[in-house]
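Each structure below appears as C-alpha cells.
Next, two complexes with chain A in common: one pairs it with chain B, the other with chain C.
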Partner chain A sequence: MPTRTPHTDSGSAPGPYRRTVSALRLVVVGGALSYRALFNWTTPPMFIGTLLVGPLLQLLFFVFLGRQLHVADDRFYLLGNAVVSASTACVYGGTMAVANERRYGTLGAVLLSPRNRAPLWFGRAIPYVLNGLVISVFTLSAACLLLGLRIPVEALPGLGAVLLAAAAGCSAFGLALGALGLRFRDVFLVSNVASSVLLLLTGANVPRETLPAWMRALGDVLPLTHAADAARQLSAGGGLDGRGIVAELLTGAGYALLAVVLLALFERGSRRRATLDVM
Partner chain B sequence: MTLVRAVRLIGVGVRTHVSYMSRSPLEITFAVLVPLVYATLAVYLFRAADDPDRLLTAAVGAGLMGIWSSVLFGSGGAVQNQRWLGTLETLVASPTPLSLVLLPITLATAVIGTYAMGATVLWGAVLFDVPLDFAHPLLFLAAVPVCVLSLGMMGLLLAATFVLLRNANALANPLDAPVWLLSGMLVPVTVLPDWTRPVSWALPTTWGSRAVHAATSGGAGAGEVLVPMGVALGLGALYALLAVLVLGRVERRARAAATLALA
Partner chain C sequence: MLAIEAKNLRRTYTSRTGFLRPRRTETEAVRGITFEVACGELFGLLGPNGAGKTTTIKMLNTLLLPTSGTARVLGHDVASDPVAVRRRIGYVFGGDRGLYDRLSALDNLRYFAELYGVEPRDQKRRIGELLDLVGLAGREKERVEGYSRGMRQRLHIARGLLHRPDVLFLDEPSIGVDPVAARDLRRTVADLRAGGTTVLLTTHYMAEADELCDRIAVIAGGTIRALGTPDRLKSRVQERGILEIEAYGAGEEHLERIRGVSGVHGAAAEERGSRQAVIVQTERGADLHGQVLAALDGVRVGRVVTREPTLEDAYIAIVEEADALAPTDVPGPTDAPASTDASGSTEVAA
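Here is the complex of A and B:
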C-alpha cells in the first residue's frame, strides 16, 4: 500500500531561487493568460485587420501624402510609420491589460492576490512587446516590398534592436495609460487620443524640425521618437545610433516606473474609497 | 409604409441618435479630438511643404477625414451595439423595415462627423491663423450636408454588410486610411497609381470631397461644386438601394439560420 508523505511546512520563507522562479512564472504564465483573457483583438480577423493591415494602409496614406507635398522621401515615412505601427498593439494592449480587469469584474480578485505587483503587471506588458515587434517587422517588410525600398542587410540586426526597444517603450507607455483605468472610467478615450498624438509628436510623419519647440520637447519624452530617428539613420546606412536606443530604453523605463507608481497609487485609492469595481 | 411616415421616422431617428451619440465621450473624442490631431499634422506638413495657401484645404481635408471615420466606426458599431445591447432581434422583428431603422443611425454618425469639420476649420483659424476665405462660402455650406448625406447612405451599405460579421470592427479598422486616400480627402487622387481611379470614382466619398474642396479653394467654378454634389448624391442613393437589397437578403439568411445575434 502506497504511503503518502504528509506536507510539512517548515515555516521558513522560500529561498531566492524559488522566489525568482515563482516571479518568472508569474511574469510568463500570468502574462500569457492575461493576454488571452484581456486583449480584445486576438481573433485572426481582428489581429490581421486591426493590427497588420490597418497600420500598413496608414503607412501608404502617409507615403502618398509625403509624395504629394515633397516634405520628405518615402524612406522617412516608411521607417517612421513602421516604428509607430507598434503603437496600436502596445498602447491599446497595455490599456486593456489593466482596464479590462475592471471592465470584466475580475480586478478585485487580481488585487486580492498577495503577489508582488511589479512582476504581476509587467508580465502583462510582455505579450504586447512581442506583438508590437511582429507588427513593426511585418509593416516594414510589406511596405518595403510594395514600395521597392531597400534596406542594407547589415542594418537589419540593429533595426531589430531598435524596433524591440520601441515596442518595449510603447508597451510601458500603454501600461501607464492602463493604470488610469483603475481611477477613470473612459480610459480608452485617453488611449485613442494618445495613439493619435504619437503620430504627430514622435516625428513619424512630420519632420520634427518643422514642429514648434514645445512639441519637440513633448516628443522627446514620448516613446517611439528616438527609435524612429535611429531606424531612419540605420536604414540610410548611418550605423546604429547607440544613444538613440539608450534614449528610447530610458523613456520606456520612465513610463514603466510611472506605471508602477500610478498602479500602486490608484490601487490604494480604490481600496480606500471602495471603488475598485465601480464602473 | 408611406413616404411621409418614412421621412418622419428618419428625422426622429436621426435626432435621437445624434442626441445619444453627442453624450458619449468616446464619440466626441473620435469626432473632435482625433481630427484635431490630424488637422494639426496636416497644417504642419503643408507649412513644411511651403504651401501656406492650401492650409484651409488641409483643415477641411482633416475635417472630411473625421466625417468618414465617424461614419465608418459608427456604421460598424450601429449593428454591433444593437447586438451587444440585445436589441438587434427586436429591431429585426419590428414591422419597420430594418433599412429604415439603420439609416437614421448611419446618417447620425455622419452628422456627428460634421463636428470634426467645424472643429478642424475653427482650430485652423484660431491657432494657425488660417484665413477662412472660402471660394464659394454658400456652396461650401451646401456641399458639406450633401457630403454628409451621401456618406450616411454609404454607411448604410457598410452597416448592412456588418450585420453578417461578428467582428465588424476587424473590417472597419483598416478601412479608415484607404478611403481617405482613394477619396482625395487630403491627398489628390492624381498622386495615386492609375489602377486606383475606378475605385475612387465608385466612392461617394470621392465626389463629396471633390465638391467640398472645390467650394473651399479658389479657381473652381460653381459647376465644379454642383456636379460632384449631384454625383455624390446619386452614388449615395445607389449605395442605399444596394444596402436595402443586401439587408433583405442578410435578414432572411440570419432568420433562417437563427444566427442573428451570433453572426
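Here is the complex of A and C:
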C-alpha cells in the first residue's frame, strides 16, 4: 500500500467491551431504523387499523361466536385472542424485515456489510417483539373493559411475562419465515398461510382437545400455543405455570436458531444463484 | 500487494422460465477475465450493455461467487474470505433502486454507517461531510421517496464512501446526475485516487473514462478485448482519421454505403437532438470527403469536420471489431486481444 494506512482492520482489534457495545448498537439503533424502513404498517392509520382494531374485532367475533355455540367461555377466547393478536405484527413484521429488502433493491448493500449477521437480523426482530406486546396488552385491556372480564391484579406481572414470551417466540418464527425471502419471491404467501395456521393450531380459538392428534402435535411446536395455555391459567387465578412459559421460550429459541441457519444458508446460496436482484 | 487480481474469472447465470414446463437458460455473462489493478490505481471497465461489467464487479465485491477462476482483493480471496474483503471495499451502483424510500437520506446513511462499521463517534461528522460532498446538505431530512433520480444517485455515492474504503467499486456512478454534479463527482473520484484509494470504475461516458482512468479494459461479450492506458487504446486508431458529418436523416443503408468506400474503416451515426453526427473512421491522410458525401446522396448534410480520434472512437473500433470477429459465437479468453497490454499495465501503476 503506497500512501496511507487503512483505517479499518487496523493492527489493534477492538476489545471485547467495544465489540459488545457496537453489537448492541447494531441491535438497537439498526433495529429501530430498519423497523421504520421496512415495516409497511408504521403510519398511524395502518397501525391503528391493521394492528389494533383488526385483532380486537377478531376477538369479539370469536367471543360472540363461542357464546352462541357454547364451546367455551369468554375467558377462553379472550385470552387466546389476546395472545394471538401479536401474531400479525410479529409474523408479517419478521417477514417484511427480510423480504421487503427485495422491494427496495437494498439486499446487496446490506449483505456487503462485514458485520456479524446475528445482531444484524435479530436487531430487526426486536421492534416486532415490542410491537406485538403492545398489541396484546391493548387487545386484552380493551376486551376486558368491553366485556367486563376481571383479571386478578396479582396475575398481571405473570401475564405480562407470558405475553412477552409469546411475542418474542412469534417474532423469531416470523424471522424464520422472512429468511425464506432471501431465496423465494413470494414469501408473503407463506406468512398468510402461517397466520391462519397459528389461528387454528395454537388453540387460541379452537380448544386443542377437539383437534386430531397430528394437529395437536403440530401446535406443540408452534409459537403462542404454550403461552395461550399459561395466560388462561393465570387469568383464572391459577398462578404462573413455569413450564408453560419455559416451553414457549424454548419454542421461540428453536425458531431463532432456525432463522439464523436459514439466513446464513440462503445468503450463501444467493451468491451462487444470483437471486438477490430478482424481484 | 495488488489491490485487485482477477484470474480467469467466469460466471454463468442459470435462470428458469415457465412453471409447468420449466426451461433452463444459461447465460455466460463473463467468460474468463484476467486483469490486475495496482494499489492506488484508477481502473476503468468499459463495454456495451450486457458485456459483463456489473457481473465482474459483483464477483469482485463478493456479492456473486465466480463459476470458475479466482479473484483477490487486497490479498483476500473473494470466494473464501468475503468478510475480510467487505471490510475494505465500497460499492456504488447506478440506478434509483437500492435505498430505503421510507427513510430520509440521513437515516439511510445512519443505518449503513452501522452496517459498514463506522465508529459511532465518527458517524455524525462523517455523514455531514459526505452530505456536503455530494450536495445533499439541507435536504437530508426528506424522505428518499421524494428524491429525484440524480439525488438518489448522489446518496448512493455518499453511502459507498461512508467507511472510507480502500478499494472502491463504482458501477456507473454518474448515471442520471446533471453535468455540474458529474464534474464534481469526477473531481471527488480524482481526489480519492490522489488520497490513495484504488478505484474500479465502469461508465458509458468516454470523456469521463479518458479524464479519470489510469488504465482501461474494454470488455465485450464477457471477454476483455483491449487493455491499456487511454493513450494506448487511442493509438489503436491513431493511424486513422475521423470525418464527422452533420446530417439529417441518414439511415442504415447510407452507413452501409459509406462502409463500402475503400479507405473507410467504419461508420456510425449518433443522434444529437434533431440532427445526427455521422462519424466515419478513415485511413489517416486519405481525403475521402467527396466519396463519403456522395454515399450520403439525398441526405441533407451540414458541417463536415476532420478531427483526431478520441477514446470514444477507439472504443467504438474495438467493440465493432469484436462484433465482426464473432457476431454469434464469442471467442474464448485465449484468443481475445487482451494481450495487447501486458506492458501497459506496469508503466501506469501509481
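The working rule: the second predicted complex is superposed on the first by the 269 of 279 C-alpha atoms of A that agree within 3 Å, B and C clash if a C-alpha of one lies under 4 Å from a C-alpha of the other, contacts with A are read in each partner's own complex, and residues count from 1 in each chain.
By our rule, a residue touches a chain if its C-beta (ideal position, glycine included) is under 8 Å from a C-beta of that chain, and two chains touch if they have at least 3 such contacts.
No experiment lies behind these values; they were computed from the predicted model shown.
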Quiz item: Touching A:Val29 in the superposition: chain B (first), chain C (second), both, neither?
Solution: second
Quiz item: Can A:Met46 be said to touch chain B (first), chain C (second), both, or neither?
Solution: first
Exercise. Once the structures are superposed on A, label A:His70 by its partner contacts, choosing first (chain B), second (chain C), both or neither.
Key: first
Quiz item: Which partner does A:Val193 contact after superposing on A: first (chain B), second (chain C), both, neither?
Solution: first
Quiz item: Between chain B (first) and chain C (second), which does A:Val206 come into contact with in this model arrangement: first, second, both, or neither?
Solution: first
Exercise. Determine, under the contact definition given at the top, whether A:Ser235 touches first (chain B), second (chain C), both, or neither.
Key: neither
Quiz item: Thinking of the overlay built on chain A, is A:Ser87 touched by chain B (first), by chain C (second), by both, or by neither?
Solution: neither
Exercise. Could you tell me which stretches of chain A are touched by chain B in one complex and by chain C in the other?
Key: none
Quiz prompt | chain A-facing residues of chain B, complex | solution = 25-26, 29-30, 33-34, 37-38, 40-41, 44-49, 51, 165, 167, 169-171, 173-174, 176-178, 180-181, 186-188, 191-192
Quiz prompt | chain C to chain A touching residues, read off their complex | solution = 1, 13-14, 39-40, 58, 61-65, 82-84, 86-89, 91, 93, 95, 97-103, 107, 110-112, 114-117, 120, 159, 163-164, 166, 195-196, 350
Quiz item: Which of the residues in chain A end up touching chain B in this complex?
Solution: 43, 45-46, 48-50, 53-54, 57-58, 60-61, 64-65, 67-71, 186, 188-189, 192-193, 196-197, 199-200, 205-207, 210-211
Quiz item: Can you list the residues on chain A that touch chain C in the complex?
Solution: 1-4, 6-9, 22, 25-26, 29-30, 33-34, 36-38, 42, 104-106, 108-115, 120, 271-274, 276
